[in-house]
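Scrolling down, you'll hit the structures one after another.
Next come two complexes, and both contain chain A; in the first it sits with chain B, in the second with chain C.
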Partner chain A sequence: MAGWSEKVLDIDLNTQTYKTYPLDMEMARLFIGGRGIGARLLWDLVGPDVDPLSPENVLIFANGPLTATGYQTSNRFSVTTKSPLTGTVLDANSGGFWGMQFKKAGYDVMIVRGKSPHPVWIEIRNGEILFQDASELWGLRVYALTEKLGQNNHKRNVLCVGPAGENLSRIASIMNDRERALARGGPGAVMGSKNLKAIVVEGQYRPAIADPDRFKFLLYETRKLLAASPLTSQALPEFGTVVLMNIMNNIGALATRNHQQTQFEGAEAISGEELTEKYLVKNASCWACPIGCTRVSKTDRVEGEGPEFETTWAFGAQCGVDDLAAIIEVNSLCNDLGLDTISAGSTIACAMELSEKGYLDSDLRFGRADLLARCVEEMAYRRDLGADLTEGSLRLATKYGRPELSMSAKGLEFPAYDPRGMQGQGLLYATSNRGGCHMRGNMVGLEVLGLPKLIDRFQVQGKSSYVILHQNASAAIDSLVVCKFVNMGVADEYFARVLSAVTGIQYATGDMIRVGERVYNLERLYNNREGFTTKDDTLPPRLLTEAPLDGPSQGWVSNLAPMLREYYRTRGWDENGVPTKRKLADLGLTDLV
Partner chain B sequence: MVDTRIYEMFREIGRDLYVANMISSHGGNLSIRLGDRVVIKRRGAMLGQLKPHDLIETRLDKNDSGVALASTELLVHRTVYLNTPALAICHCHPRTAIAFSLSRDEIVPIDNEASYLLKKVPVVMEEFASGTPQMANKVADGLKNYKIIMLRGHGSFAIGQTLDEAFFWSSTLEEACQIMLFTKQINESFIEYRKMSESYNKF
Partner chain C sequence: MPVVKLYANLRKLAGTKELSIMGATVGMVVNELVRQSPPLGAVVIENGELRRHIIVTLNGRNITDLETPVTEQDIVAIFPPIAGG
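Up next is the complex of A and B:
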């Protein structure tokens, strides 16, 4: 069938063997690909008795029917696993080139099981799967390893872990194409725990498209819409994602100093404007992306991709640091070591507050840009305080007796948007299946940017409907798999039409959103099975009780309780946050429980 | 009780619909979905002069006492919400678009903005064109694939995440139809300026 390769690659690292078999196409119809298929497979493969860092956990790499078709941003793929940071279902999603190449190798899904007895890397080339000894590569950092294994953006692509993954950092990322990251929730630690250093792929097939004429028309119309949107044609290309720094600061929703404030006096110094003016070398873009939000920036010490907005915020406002050069350098270091920049920065911020308040004996203080790189190095190698930091902020804060100082939900550190200035975002964080995350239906579109139209960011009543729609749409987009930035210029209806043109299966917009709802409910069931309950759908006490003393969000706390009640009811879940039988039957998930 | 912020949203869009000549004094209706509930204009209320008590909150999936007060078109709104991802609906009577709906099965705009935004707007027909299950199903079917449709001789139904998004599609359609009308009146040959416009009717 067009769109899918209809092939699963199943690797057993215990024996260094593999098998291939047909993709279950009924599963593909119901869950599309990427995150959706990943969640469905994880449900069967990894139960509540499995430690995320044990050989019994799996890594599920999956692309989607749109991947490698040439549709705008059809370069993405995801990895699904049980998170060593949160214990929840985890999928992380990345751009670049590797996902496109993996699809062109002829596979929809790759399942990696077990643990190799010695370090190994996998090479997928000319239809062969080769297990290569990685003993000599173990310990190499990402940039050196990527070059050594022959990275070539359009031909041969490298996905790997750095020292952080090898050392089982719970905030370790998997890196691909040198500087792209499957970052959140610690998938790099799972890969490291399997003694798997890298997966290199070369592809040769072109995916089939069911209705090429309609596809060509939609490709053209999408290009027009992206060119017409100021966000995708001007703001992102000119300033990158860091364009959000001043915007969020101006509305008083930029979390600052471990969420002690909602505005940062140094925001201008770490803004997209400043990055472009002083450090930008050129733009770059992922495969088939006309937006080109990637920055290539340069300081006296480093040159490379980034930093993204969340990274700049995490090591900037969240740590009270206004030294953009230091942030660019620590971003590069995180990429080289294979660390999630959001969790790394936010965990350091948590340690800074613990230290300033006397709960932790360290020299960390807000504003100490000079200590960022040292902390990150220590995290990757589990040295000194890094051994605690690399466990993430919740474990760190708990160890030092102040768990409430971890700015996280379900143990995953928040990104930049402070829920006290965006009521919907608070509900989003609290109910996100992988923990405090902005990529599970970001409300910044509706509450800040006016996409598709602006809603009142302080409104409480009715917010659950928006959050649910965006969570479902987000799960669908993550299953296609394309970049959410396209959605800034192109409505969901286009994705449904493109999916129909590529696969030949007619999906209305509502059908696609319903796939997202199915995925979201399945992920929730997974978390319920792992023991997560309504008590985990919450925010740190600071966000619920401590209102900002000044700024545009002055006097506001997150009004979570009524939104959460409305959310459960609207989701069709019971008061304990469990999907009802009626809801599961409606979504075709009854057989799972 | 409906939040003041929500009432203000209804009042402003309702007033704009009236001022833009897209409804008569008591015509049209607006609604939003709040989870498992719908907030909709009261039956007989004037959209151009909404008061807080003109908004009726009722259940989405079945009747309650609110049905005695809600707009005649409540069934259509409910059916649309149950069959699409819509969170807001704008139903109005745009005059030029209604005129075009009487002679064609789809309206394909020729102006730049509506070509970008709408591509084409299907026209559906239902004899019992007010508040009936037949009409509700036809409208909902159309809105599964399009953000705005015309009900022949009656008016438009547009969906969105917010009321102003749904209003945007409605006013865009009416503007497009006015431009089409003017070009007919000018009666000069049309110079195509849009690449692949021949594919719009396949959208």
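Up next is the complex of A and C:
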């Protein structure tokens, strides 16, 4: 069938052997690819008795039917695993070039099981799967390793872990194409636990397309739509994602100093405008992307991609730091060491508050830009305080007796948006299947930017429907797999037309959202099976009880409880947050329970 | 006078980040701003209304009604279409 390669590569690192077999096409029809197929496979492969850092956990790399077709942003792929940070289902996805290359190697899915007895890297080339000794590569940082293994954006692509993954940091990322990250939830630690240093891919196939003429027209139409949107043709290319810094600060929803405030007096100094004026070298793009939101920035010490908004916030406002050069440099360091920048920055912020309040004996203080790089180095190598920091903010704060000072949901550190100024965002964080995250739906469009329309950000009643729609749409887009920024110029329903042209299966309007709903419910079932309950659908006490003392969100806390009740009802879940039999039957998931 | 703060490419068009503008309502402030900085006109206003995706806040609260009154101490912020995450 066109679109999918219909082939799974299943690798056992215990024995350094592999097998291939056909992809279950009924599963593909229902879950599409990427995050959806990853969740479905994880359900079967990794049960509640499995420690995330044991050989029994798996890494599931998956692309989608659109990947490598040339459709706009069809470069992305995902990894699914059980998170060593949260214990939940985890998928992380990334752009760049590796996902395209993996699809061209002829596979939809790669499952990696077991643990190699010694460091190993995998080379996929000319239809062969080669297990290469990585003993001499172990310890190398990401940039040096990527170069050594022959990264070539259009021919040979490197995915790897840095020292953080090797040292089982629970906030370690998997890096691809040098500076792209499967960042959140610690997938790098899972890869490191398997003694797997890198996966290098060279592909040679072109994915088949069922209706090339139709697809060609949709490519043309999408190009026009993206060019006509001021968001994808001007806003993202001109200022990148960091342009959000000033508006989030303006409305009083920019989490500051570990969420002790909602406005940062140094926001302008770390804004997208400042980055563009003083540090921008040029824009860059992932494969087949006409948007080009990536910043290439330069300081006296480093030059490279980024930083993105969330990174700039995490090491900036959240740490009380207004030194943009230091943030650019610590972003580069995180990429080289293989660390998730959001969790790294927010965990340092948590340590700063613990230290300032006397719960932790360290020199960390808000505003100490000079200590960021040291902290990150210590995290990657588990040295000194880094051994605690690298466990993430919840374990850190719990160890020092103040778990409530971890700004996280289900143990995953929040991004920049403070839920006290965006009620829907709080509900979204609390119900996100991988923990506090803005990529499982994001209410900033509706509650702040007016995309596609503006709704009252302090409104509580009726918010759940918007949150659910965004969560389902995100799950669908992550299953195709394309970039969420395309969705700013192209409606959700449009993707059904593209998918139909590529695969030959007729997906109707509404089918994509239904796929997303199916994926979201399956992930919820997985977390329920792991023991997560409604008590885990919550936020830190600070966000529920401590209102900002000034600014546009003054007096507001997250009014989570009524939103959560409404959310469960609207989702078709019972009062304990468990999908009902009727809902599961409706989504074709009955056979799982 | 109310203070108007500009962001992203609006700064380049106006040649400044911030200025004081007379006006009793948000709409009057925006119209006076455009009169003083004509390059902003084509970006901010269309047929007398805010262009789609233009964001205006008054003291940090999103404004959709241009008749909203402003006072001497107020801050009006104007953002062009922006996105990210």
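One rule holds for everything that comes next: the second predicted complex is superposed on the first by the 593 of 593 C-alpha atoms of A that agree within 3 Å, B and C clash if a C-alpha of one lies under 4 Å from a C-alpha of the other, contacts with A are read in each partner's own complex, and residues count from 1 in each chain.
Following the convention adopted for this analysis, a residue touches a chain if its C-beta (ideal position, glycine included) is under 8 Å from a C-beta of that chain, and two chains touch if they have at least 3 such contacts.
The structure presented is a predicted model; accordingly, all values stated were derived computationally and were not measured.
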item: Simultaneous placement of chain C and chain B on chain A, clash or fit; value: fit
item: Contacts of A:Arg497 with chain B and chain C, given as first, second, both or neither; value: first
item: Chain B versus chain C as contact partner of A:Gly551, first or second or both or neither; value: second
item: Which of chain B and chain C A:Ala473 touches, first, second, both or neither; value: first
item: Touching partner for A:Arg569 - first (chain B), second (chain C), both, neither; value: first
item: First (chain B), second (chain C), both or neither touched by A:Lys410; value: neither
item: Partner chain in contact with A:Phe217 - chain B first, chain C second, else both or neither; value: first
item: First (chain B), second (chain C), both or neither touched by A:Lys104; value: neither
item: Partner chain(s) touched by A:Ile513 [first = chain B, second = chain C, both, neither]; value: first
item: Which of chain B and chain C A:Ser464 touches, first, second, both or neither; value: first
item: Overlay on chain A, chain C to chain B nearest C-alpha distance, Å; value: 11
item: Set of chain A residues, in rising order, touched by both chain B and chain C; value: 454
item: Partner chain A, residues of chain C touching it in the complex; value: 5, 7-9, 11, 53, 55, 57, 59-62, 64, 77, 79-85
item: Residues of chain B that touch chain A when the two form their complex; value: 2-3, 5-6, 32-36, 83-85, 87, 116, 119, 144-147, 160-162, 164-165, 168, 195-196, 199, 202-203
item: Of all residues in chain A, those that touch chain B in their complex; value: 213-214, 217, 220-221, 224-225, 228, 446, 452-456, 458-462, 464-466, 469, 472-473, 491-493, 497, 508-511, 513, 566-567, 569-570
item: Partner chain C, residues of chain A touching it in the complex; value: 230-232, 234-236, 238-244, 246-247, 250-252, 272-273, 293, 308-310, 438-439, 442, 444-445, 448-451, 454, 457, 484-485, 488, 551-553
